Structure formats: structure tokens, C-alpha cells
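Taking it in order: structure first as C-alpha cells, then the write-up.
All chains are identified by letter, namely A, B, C and D, in their written order; residue positions are counted from 1 within each chain.
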Amino acid sequence: MSVARGSLYRTVQRTRNRGLTGLYLLVAALLVAYVSLFPGVLSLAGFSRFTQNWFPLALVTMAQALLMLNGGISLSIGPLVSLGAVIAATTMSGPLGVPGGIVLVAVTGLGVGAVFGTIVALFRLPAIIVTLAGSFIVGGVALLVLPKPGGMVPAWFSDALAGQYPTAFLLLLLVIVGWKVFMATPTGLGLYAAGDNPLGAFRSGVRVERVRIVAFALSGLLTVLAGLFVAAQTGSGDPVIGAPMTLNSIAGAVLGGVGFLGGRGTMRGALAGSLLLAAMINVMFFLGFPPVAQYVAQGLIIVAAVAVPELLSRRQRA
Amino acid sequence: MNRSLVTRVAAHPWVLTLVLVALVWIVAGFTLRGFGSWGHLRYLLELSAVIGIVAAGQTLVVIAGGIDLSVGAVMTVSAILLPLLSPADDPTGLAGIGATLAIATGIGILNGAGAAYLRVPPIIMTLAMATFLQGLLIIVAGGSAVSVSNPAVIWLGSARPLGLPAGVILWILVSAATLYALHRTPFGARLMAIGANPIASRLSGLAVDRASVRLYSASGFLAGVAGILLLGMNRQGYAGIGDPYLLSSIAAVVLGGTSILGGRGTYAGTVPGAILLVTSTALITVVNASPGWRSIMFGSLILALLLVSGREARR
Amino acid sequence: MPLNEATVEARGVHRGFFGNPVLKGVDIALRPGRVHALLGENGAGKSTLINLLSGALLPHAGEVIVDGGSVSRFSPEAARRAGIAVVQQELSLVSELSIAENIGLGAYPRRFGLVDYGALAEGVEQVCRLVGIQENRGTPISALPLGRRQMVEIAKALFRRPRVLILDEPTSSLSAHEAGVLADLVLRLRDEGLAVLYISHRLNEVLALCSHVTVLKDGVVTADRSLAGVSPDELVRLMVGRDAEHLFPSWSPVAGKEIVRLEGFCAGSARDVSFHARRGEVVGVGGLVGQGQEDFLQGLYGAVAARAEAVSIAGSASLPKSVEAANALGIAYVPADRKRESLVLTHSIAINLALPSIGRLARGWSRSRHAEAELVSDLSARLAIKGDPARPVQALSGGNQQKVALAKWLPLKPAILLLNDPTRGVDLDTKREIYRMLRALAADGTLVVLMSSDTPELVHLCDRVYVFREGRVSGVLAHGTISEEAIVGAALGLPERKAA
Amino acid sequence: MPLTAIDAAAAANCIKGERKAPYTIGWANIYSVPTWMKQTEGTITAQVEALKKEGRVKDLMVTDAQGNAQTQIQQIQSMIDANVDAIIVIAGSSSALDRVVSDACDKGIAVINFDSLVNTDKVTSKINTDSNEWGSKAAQWMVDQLGGKGKIIIMNGPAGVSVSDDRRKGAQPVLDANKGLEVITETNTEYNVAPAQEAMTSLLFANPEIDGVLSLGGALSAGALLAFDRQGRDPVPTTGENARQFLELWKEKGIKGWATMQPNWLGALSVYAAVQALDGKPVPARVKVPLPVIDDASIDSYLARADKFPADGYIYSDYDQALFDKLLTE
């Protein structure tokens, strides 16, 4: 019984990379291309800027992947990002200050997520339509908080988060560590279990409903934090800025191999997917693609990222 | 008796959606000025027709376990291409319609082929397709587009044979065909089986890949039809004209009681689902409130309808 | 606690689904140090009863008693705390999680609120040894074949250090070897003082392991007695309420035309297989679980890519490239995992029966309701499938589900019928019907290829048996030389194997 | 147009370092698909072609943020990284681009912002019409038309967007001053025909009496007119923008109409201004382009040129270099 402590954990972690090699290679290729086209990204400032642009997308992709792993999905990611941004931009320069703003934003995200989760879990309604209805409600609230772009985030806070230093990258590392810790809790593993085999998980003693609510709440938290970062990055709030993020978050997660029916995929894959989407934009710029080609190339890369590994593995099997 | 009614409704959730529509119409008709007039209801039906027709394709796709995120883009492309593809010397205008529908169907075939043979998850395949189509629009939009002069399309958008808008009649035809295909043909039975259990379906000898190509081509075709109808109603296609119909089509399907996971559902629910959506939008429009509040009201209304109709049975 | 005191008990429990009563006042008491058998036909309510005992379902009337006290608000979590562990008939595993994480699910050892992977690894190590799991504990479940998953499920129950262990058909997907390991384990646990409830349709297992039996029939207990001195025939009588008949039909070999000849056939993990068979034969495919037999069948069926040096199959000189092509040649396949691979559970019995024939029955574009209804009622009658054909197939018990999975191919009049473990989890009566039907099909000129993990089936039903080992055919046993020893010998690659 | 000395002094804003003709210009578009954008890009590329011939522009780099302000930030960042000489931008969000735009300015890149403006003033020049004035002029015309009395419906662009909000705000003082004008209700839709028509139709059923439609841009007015027409209601005085479809309907239905525009050639003007600034010529920090007005007197002259514009496009007023020079020196 000489099981080295932690060796099980390491093996488990290693097997989670299965099936992601193709995506990792594609992302690596894009990053190499980016570096060779624009060596400046290797400077501290360049690196900081690139990760700042990636960070909000990474957060929302994680938020979406979290739900999809649990067998849900959210169509209110975009409006919730906006809500986070406008709350930050309206409170942080007021009496609550930055800490108060952060707390308020976080509580909002957890609360909104928990409400959605409760509706989905207790009334057994499909998440896709609950969050679709929710997107109108959340978007409406964002418009009430700030009817048009404005508000202010203190400059020092903006500089701290989205200035010359790779704070965004460090925050991302922090979030990843947080995810790792969460995934090492019974609830975290229960999240997978409830997504893949809800009945089995229930019979094994996992509180499926509670896990679902937790998943929605955490997803809401990640989403509003993306909004908070966007507010810091832009120094202000915009009640509709998040709109495109809903589809982007789904694209990132699915590119990363996260399945729709729950329990399939990994967070590392989702992160790689979001990095692919973010890096693609810069690479296409430096290659001088005109807009038409940008659209076409984007579509092709997305399809290829999913199809090529699949075709290769089929080739191997045959 | 009472109980059998309840179980019947539970077995056919679409009945509930229908009842909801009726209730909303009756209540609104008595309380809101102008709502209950025949002209208004006819107009609501006309608007619902567009959603209903795209949602017909979406229903088929969702029942078979997929999803089509390119329908909005296909509608836009059809509405913009039709005037370009209509030869000026064709007095019927049917040639242009045929060409446009062929392209829309072709897009669907590509979606289906990608999903079936490249094994790209439908959501990604159709999302990528929507991106492609945006690229196509940049080339086409704002080019030499001319106002729609295609007589068939104009007729479709404005004529009222038998007192019903032509679009509604088209919708009735599409509905009949969809319901027939879904419930009366081997194809429909296979779709449901594929949606519920693709592995078992394949091992039972169903041509899953071929079905998926047909399915997405049907969805593309119907999105094309909806795009043309929308063009006829607006007389003008523009970039983004189809965008609102993507989420509407999915919402109509789900409100109609079709399981978003596939394998179970009927177009008979999507029809009242589409009407419900249009009605909600119309109700919200006449309320004088700030945009934020309107949005909140619309979302809450959908959520309330959803709670009332309480779908996805307990395990 | 006195030894004879029941640890878990159900008293007068009632439970039904959608108004259909399944259990009508059932009593059962599980005592420490006893292996208690629960018998009954498919759909008798066995699984339902254990769901009540383990908190997965709540009774509509009656009570569940743990350690002498009635429990209200029972839940799986509460049952676990009370020391009740269940090996469910339907696996409760999570495919992306590792073996270890599955074993611990719902009962993880914690440190600072986190899963203590060190302690988990140790605990898992112990139970894995007990049940003989050699795979790396970090392997995801999705990488394991069904039989191994079942062992993980058993390990998972043991991990909870139960006082009461409930096993619902634990051996139905196990190989003979694994079943042996399990039997030893059950006896050991009994000696350690556990209360065990054992559900199985394999009566020899019941006789070997259990000392007490409860029989369910039509929702009520028809027998609750000691098994001491009960003979197999008596047991059957207890269960079905009449005398035991022969399980296997008798037959005389017929030598039809050769319909399959394969040389150097490869598919998936099946390598270099030579195979030939005639119409009218029942050809067995045996060996330990997961030696390429399934890939062999699926390769013939066009469901996995296959190639061969020489082919002649159902009149074609090439292998079918797809399932439809196989169907067109008259090849049908009944998968082992009926819930995943064979049935559309949420759809009606009728649709499931008609699915492969729907296109053929259609008139023009339209389905022919009439022809389908006729087909369905004909098949239901022929296989005695109980229940209204309009009900979802998931409401059928396992045995009846299996009949549906088989029956849907009959209208195709298959020339070659490939069967993958067709009697898994099926009760005696149904088994008998299935065996009779297979021989009858053979007598009509069908080639039946029967892959089975139930060795007696191969011995008593087959004209010839191909035994697989590591993807290759390690022995071909001709009629007269087929015995359990010969099959096991060939499966283990022992030298004294007999080749035909 | 009041242009203070400070503005003039700030005209050399941003530009630093070696910036010699021919220049590389970055065009950070927010969304290239809509027809207005497409037409605008047409004027930009035409201007660039002309300047290329003169040897003053080397290259035009175009990005398309697909409507995503976050993406636009990333793309402008890339333009900074590529050290383009000038960035032309329509802001996807009036607030979100502030930081990246001022960053570009700090790096010495000429930034010309037109149409949707950023909040920050750290740009070489902001070129736009006045949205407030847009709203107040339209409202004033409506007051005059109705004699200060009547029931009107206001149609706004999408909620949460500065342009639509500013136009609405501009109308408010006029409405306040004329209490006889009753605003029955308001709508917010995309600047497109279909949603506008849909919303207006619902309002027509709910409101038997409507005396005027104060529509604040895009193709909203065309949607409104179509709704009146299709419901068989007599059209009422309607304001709007220079969408070809609206102008044609206005003429066809013979309504009382008024329109102004956001000229597409603001794009060309921006390119021109960028090159002027890079050449060291003074460019005002704010160029307020006067709103061209289309009324019953001038509509025919616009419709006469309609064929040169796409059916779903905008008929913009003529422009030439003389006009640009005039606007930039005013």
C-alpha cells in the first residue's frame, strides 16, 4: 500500500489532457505565429496587454463551461457581464469605493446565478430557456443602472488591473487555482457527476440540486467578474458591452471539447478554446486579413479545430 | 374524466401552450384597446408566420438532437440575395425564389455534412457557418442591391387571399408539411429516434448521417423561405434582418414543449410557441416604460409562461 | 446488537409509478451475517424495493426501519450514513471521472474541506484489491469495458464500509472469473457480519451464496424462507409457481449452405480471425470479456471499420461498409447494452419494435399505421411481450426490454443474426423463450452467432464455439467437444485446448 | 460653430515621432456588415485611393470587430503594436474605448474618431454631427408642423447606446417647451425597418389617434410609414434620416416629412483629416459637421441621385475636397 500521496491526483490530472492534443497544438501554432509576427508581445507590456484582452473571454468561457459540465447552459452571460460592468462603474467612484463595488458586483453575480440555478433545479425547466428569459431581465436591469455608457472606475484601479503589469494574467492564474481547489472538493466532483449521470449521482449521495445551484452561482460570479474587469479595462461602464460574449463563451467552451449534455470535457480545454479565439484575432490582424477573410478564416479555424482531431482519431481507429 | 384530461395534457405539453395563447389573447383582448380587433390578431399571426416557418426547421433539428444557429444568417442572406438573383425578365419572380432557396438549402447541406461527416458538433458547425455568411454579406451588402421588385415576393408579403395574409397561408402549408413529415413519415419517426438515442439508431440501421444532412438542409430551406417572406413584408432586405429570428426560433421550439435535448417534441407546440412570443413582444411594445423596464417585463413574461407550463417532467 | 436483530427492514411498503402499483405491502428484513436472496421475474419490483431500502425512492405507504427505528425523510445520503450501500442495476458511475473518484463519489474523505486524494487512494486501493481491479486508479471510467465498470461499482459500495450491502444483479455483465471473485467476496463479507441482499436471475449463484430467500410476484411476497436444503427445482418452483422445465431446448444439427467464410478478418481489437459458418447453425463466441469478440460482431455488422483477406458473407464478396448495408444483406445485430445501444428508451414499445421496418412498411411517403400496428401486435404476441405497446419501453422490465431488442429484427427475416449477450439480466422464463426462439430461427435457416458471457449457454445451445483470446481465435470447439472446461481452457490459453 | 483657441492649439494632438508620408492608416471598424458601414467604408477606401495616388498614403489596414467592443479594443491595440500612423475609429462603445484610444494617442498615433464618439478628449480629432441638435431640430420641426398641439410617438434607436440617447435628450427641451405636444409612447428598436415596422404596427392598433411620428434615425421612419400604409391608416408628419427607402416612401405617399443625416462621407473626411494632421497641418480637435437637412423642397434633388445608392442604403449629400477643407479650417 505504498501509494505516494498525491500520485493519484497527478494521474487523474494527466488523463484529463486526453483528446486535447490537437487543440493544444493549434493554439501553440497560433501563439508562435503571433510572436513571430509581433515579437513585442514578449515584452512585459505586450504580454500584459495580450492577456488583458484574453482575460474577460477566458472568464466567461469558464463560466459557460462550468455550466455545460453540469449539464446546463447560459444565454445570459453577455447581459450579466454588462451588469457587472455597470455596477462597478456606478459604485466604485461613489461612497462604496472600490472594495464596496467589488463586493456588490460579486454578490450580484452569485445572487443572480443562484436564482437561475434554483429555478432550473427546482422547477426542472431547461436552462437554455430560463437563461434566455433571464438575459432580458438582467439586460433590463443593466439599462436601469446605467441607461447609456458612462460611469467611472477610479484610474488607479484601472491601472492596477489593466495597466502595464500582467495583473490580468496573475488573476487568471488565481482563478485557475480556485477552480483546481473547487474541483478537489466533493462539490466540484459532484458537479461533473451530476452533469454526466444525474440519477447515479443522486443515488450515490450527491445532492444534485444543490450542486446545480452552486454551479449557476459560481458561473454567475465568474461572469460578473469578467464585467468588473471590463469596467476596469475601459475605465467606465456600458450597459450593452457584454452582448457578444454569450455566443463567444459557448464557442470557446465547445471548441475546448466541452460537451453539451454534461459531464464531458475539461476546464483546461475550455481555456485553450478561449485562447484560440483571442489569439486568432491578433494573428489575423498582423497577417493583414481584410474583414471578409477574417470572417471566413475564423469560421474555418473553428470548424478545423474540432474536425481535424476527430478525423485524425477516426483514421487511427480504422 | 378530470384526471384523464390532466394526463392527456401532460402527455401533450403543446396543448398547454395552445391554452396559454388563448388565455393571453382573451385577457389582452378584453383589457387592451385595439388588441382584440381582427386586424391586430391577423397581424400578430402574420408576424408569427415568420418565426413559425424558421422554427419549423429548428424544431426538426432540435428533435433530432441538434441545433441550428445559422438560421438568422441564412434568413438575412436570402433576403439580401433574392433581389440580386431575380432576373428582371422573369414576370413570375419564381426563378429568383428558386435560386435563393437553392442557396439556402445548400447552406443547410453544408451544415449537415459538417455535423455528420466531419463530426463537428452542430452548435459549432452552424455558428461557424453564421460567421462565414457574415463574410459573404460584406461582399454582397451595400453593393448593387435593389429594392425588391420580384412580383411573387411582393405578393407573398402583401396579398390576402381568402382574407388571410399570404404569409399565414404559407405558414399553414409549412405547418401541415412539417407535422406530416414529423408524425406521418418514416423520416419523422427516425428523427425522433435519432434525437433520443443516436447510437441505438445507428445500430438499428438508420442512416443517421444521411438524415442529418437532410435535416439541416430542410432547416436551411425553411430559413430561406422565412427570409423571403420577411423580405416581402418589409420590401427591403438589409444586413441583420434575420438576426432576431435565431433566438426567437429556439424560444418558440422550447416554449412549445419540445425537449432541447432532442428525441421528444412536436411542431404542434412550436406553432403556439411562436404566437406566444410575438404576442408578448406586442404587449410589451404598447406599454409605456423605459427600455430597461420593458426588457425586464418581457423576460419575466417568458419566465412566467415557462413556469406555468412547467416542462421537463420530474425524474 | 443481538445478531438476529434485523439491520434494515421494510414493513408493508407500497410503491407505484403513475398510478400503477408495483409493490403492494411488501415485508423484508436483512440480518447481519446472512446473504439474503431476492428473487422474482423481470418487473416484479425487486429494484424498486431496494430503492426504497436505500433511500433513492420513498414508499407511498408502509415504513423502512433501520436498526429498529423507523426512518422518516430517508435519502441516499442518510442511507449511506446508516451504513447501507447499494450496487445498482443501472450503473451510477460518471464516465469522465477516474476509477478512484467514482469509488469515492458521495463519500469522499476530506481534509480542510477538500477531497483528500491521499486517503482516497489508500481506501480505494483496499477495495480495489478486494474486488480485483488492476487498472490504474486514475483511469477514467469511459475507458473501461462494461464488466470492469460493474466491478468498480461493487468497489464503490464497499468503499463506504457498509453494514448492509445490496447487490442488484451484480453478475449480469461479469465474466465467469469476475463472478467467481465476487462470490468469494460476498461470502467473506457475510462472515465479517454484513447483511447482504442479493438479487440475481442466476439460480446457481443464489443457491451457492444465499441462505434465505424472499420471492416477489405481482407486487407481493410469495415466499420468505430459509434456503437450507432447497433443491434447484424447488427454487424454480418457488419463483415461478410451477415445476421447472428444461431451460435449454433440444435440437438436432442441420447442415445448411455455407453463408459466411472469412479469412484474416480484422476489426478493432479482433485480429486475423478465420471464421466460417452455415445456415441453420448456432455458432457461439466465447472467452473472457473484452477479448475482441464485440469488435468481431460489430465488424461483421458494418458498425466498426473492418477488413479481411477473403470474404464471402450472405452472398456478398465484400464486408458491409455500413449498418444499412449489413441490414440489406440480411444481417442483424442485438447489442449487449440494450439501454444505450439498442433501445430508444423514452419512445414507445411499438416504435422500438417497428423502427427497422418502418421504411419497408411505408406506402409512398407515409407510414402505414395499419401495417405497423399489425407488425407490432404480431411481434408482441410471438415473444409474449407484456404491456401496452403505446407505453415507453423504459417502463418495461429488463427482460421485456431485451425481448423488444430482439424482436425488432424478426420482420427483417435475418439470414445472419448476431447476438451480443442476449440474456443479460433476463429472468428464467424469458431466457427459456429466447433460447427456444434462437433454435427455432436456426431451424428456419438463419445463422445465429451467439456471443455470451454465460458459459452454459454456449455449451447447451451452440453447434460450434469460437473462443477468443487477446483478439485472436484461440480455439474452435465442435459439437460434442463443447464443455465449460474446454471453453475456459481455451479462453485462458491453456495448452490442452482442442482445435476443430 | 464656436471653436476656441484651446481647441486649435490642441490640433496637433497626439502625433509624435517620425511620421512621414506615405502613411499607414488603420481603420478600426466596429462592424462592417450593415449597409451604412459598408457605404462609409466605401468613402474611406475611395479617399485612400485618391491619397495613394498623391503618394501620401501607403496602406490601409482594416479590422472588423464584429460588433464586439472588446474585440475592437484588442484590434486597436494591435494597430498600436503595429505602429500605424493614424487610426480612424467608430467607437463600439462611447466609454469602453477611452483607455485604448488615449493609449494610442500617447504613443504618438493620430487618432481620428467619427460617428460614435469616445468620451476621452485624447484624440487628434473628433468628427461628428451634433446628436443633440439632431433631436432638437427634429422635435422643433414636429412642433411647427403640428402647430404645437397633438399626439406623437417617439421612435428611438437601441437602448443603451449613446447616439440614440443623445438624440432623444436633444429633443426633450423642445418637448418641454411645447406642452401641447403629447408623447403617447416611445419605442426602442435597432435602426432597422423590420423591428420598427413591427413596433409601430402594435402601437397603431393601441392608439387610434396619432398626429405625428418623431423618429430619431436610421430606417425607423421607413418602418413607421410601412406600418401606416399596411394598416390602411393615413400617414402623419414624420421625421427621419436619409435612408433611401424612407425618402422614396415619403415622396410616394406624399407625406409631410423632414430628414437629416449622418453623412457617410464622415469616413472620407476622417481619412483626409488624419493625413492633414500627419502632414502637420492644423486640424481642429472637434469638427462639428453641420446637419444637412432634407425637406419637401430638397427631397427631389436627393431622389434624383437615388440610383447611385443601394436600396437599403443612405443617400448622402455631395462632398468634395473643398468642403473638407472648409470644415477643417472653420
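As a working rule, a contact is a pair of C-beta atoms (placed from the backbone, for glycine too) under 8 Å apart; a residue touches a chain by one contact, two chains touch by 3 or more.
Protein names from UniProt, one per chain: A = Autoinducer 2 import system permease protein LsrD; B = ABC transporter permease; C = Sugar ABC transporter ATP-binding protein.
Everything numeric here is computed off the predicted structure, so don't read it as measured data.
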Topological distance between chain B and chain C, in contact steps: 1
Minimal step count in the chain contact network, chain C to chain D: 2
Chain whose average C-alpha position is farthest from chain C's own: D
Computed distance of Cα centres, chain D from chain B, in Å: 34
Rounded Å distance between chain A and chain D, as computed from the means of their C-alpha atoms: 35
Distance between the centres, which are taken as Cα means, of chain B and chain A, whole angstrom: 30
Distance between the centres, which are taken as Cα means, of chain C and chain A, whole angstrom: 42
Numbers and ranges of chain B residues touching at least 2 other chains: 134, 138, 291-292, 294-295
Multi-chain contact residues (two or more partners), chain C: none
Shared interface positions of chain D, touching two or more other chains: 32, 64, 66, 159-160
Touching chain combinations (by label order): A-B, A-C, A-D, B-C, B-D
Partner chain B, residues of chain C touching it in the complex: 301, 303, 322-324, 326-327, 333, 335, 340-347, 351, 354-356, 358-359, 362, 365-367, 408
Residues of chain D defined as touching chain A within the complex: 29, 32, 61-64, 66-71, 73-75, 77-79, 81-82, 93-99, 119, 158-162, 165
List of chain B residues in touch with chain C within their complex: 184-186, 189-190, 192-193, 196-197, 199-207, 263-264
Residues of chain D touching chain B in the complex: 32-35, 38-39, 42, 64, 66, 156, 159-160, 184-188, 190, 192-195, 197-199, 201-208, 219, 222-223, 226, 230-231, 245, 248, 310-313
Interfacial residue positions of chain A with respect to chain C in the complex: 1, 3, 5-12, 14-15, 18, 181, 184-186, 189-190, 192-193, 196-197, 199-207, 263-266, 317-318
